[in-house]
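We just call them A, B, C and D in the order they show up, numbering each chain from 1.
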């Protein structure tokens, strides 16, 4: 499956990625499993996605939890807790 | 209903005038304006930068306003949130709610702010003498959202 | 703090600008504007006349604002109330509260309005097709005041 | 004792009095007793001050209840429940 991933705020700055297109062998994948896939890239990725930072996820512009399932064509986003207003 | 994410400043009078013109049964207009404070957590803030998730932000704000309108008798609502770089004292966000009665307008306005703070994808970065720092979310904001 | 009873209209932007200029630690500005509704209790209102007790009104408003400031972290507050004859959609009252944080500003603003409604000596008379009528006080306003 | 009395809103309109200076033989008087004195003036006064209308009183610009005591020089006011805002 092909998905698009966006990164924001501290994640974007530290990972030096604002977005990427990713192709995966799976037909569906939980948010937590996708974090695990990305965390394998390097120690920084591991720390940002599975470390002490509370990382929030969104699928197709909806906030979701770690168990939510990602399928082909989805737009995924990872970011720290929001601090607007 | 008007919802916008913008880098330009906003004019509260213009927004309220538009809401008032739309209908004559408005008895109460409650507005919240959030400003950049010059000091945060003991440090002087010289600049605040707001980032957001363009595809998601307006949808999230629309969902929050729709939720408020389903709970209270909202006649009209305006939510404007700025992004980009702001200086101390500048306006960050406006939430204005029109209703026939004040209790409905107060509740809906505070609800929208509490949800915006915890659900809408904005992130603040402060510039202080010690450098840049991303702000952390606050437990008090999560508590404020959960009470509704 | 600015408290005034006046026949002239007021300008929310002017009032908020004055409050913002006074200090840079304001993070939240909550405003309430009350308007003359065109319909009340099922009748079309063509005019609203507001009478007050000149010697007592400003003192009562000052006491209410002082009470609010003793309960919450109010950095500045403005209360303007009009008297005389007003038409539908005209502004009647403004309560604006500045604080570092939004929950304090929301609570203080709503508190001031709830007390103003039940403690400040103003009386409304409506002109409708069936003639003039003095408005009665509402149980809901007394309940709103008692909850604080 | 000499006192000044103000009337507002429906009371002012119906009694056709906006204010008056009153001299009384007492050295102090409760608000309720003053209402009783005034109510003797006519049926309209009786109805407005001791009828079904909820009449509020103030002494020297402070809201008071019926038991509050009025003394020489006080400014008293009678009016219906307030309806501003």
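In the analysis below, a contact is a pair of C-beta atoms (placed from the backbone, for glycine too) under 8 Å apart; a residue touches a chain by one contact, two chains touch by 3 or more.
Quick caveat, the model's predicted, so the values are computed rather than measured.
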Touching both subunit A and subunit B (chains): none
Computed distance of Cα centres, subunit D from subunit A, in Å: 72
Whole-Å gap between the CA centroids of subunit C and subunit D: 26
Inter-centroid spacing, subunit C versus subunit B (mean Cα positions, whole Å): 23
Whole-Å separation of chain centres (CA-atom averages), subunit A against subunit C: 48
For subunit C, residues that touch 2 or more chains besides their own: 34, 102, 113
For subunit A, residues contacting two or more additional chains: 85
Interchain contacts (touch definition) - all pairs: A-B, B-C, C-D
Footprint of subunit A on subunit B - complex, ascending: 34, 50-53, 55-56, 59-60, 81, 92-93, 113, 116-125, 134-137
List of subunit C residues in touch with subunit B within their complex: 11-13, 16, 20, 24-39, 88-89, 100, 102-103, 105-106, 109-110, 113, 140, 144
Complex interface listing, subunit A residues touching subunit B: 6, 8-10, 12-13, 54, 58, 61-63, 75, 77, 79-85
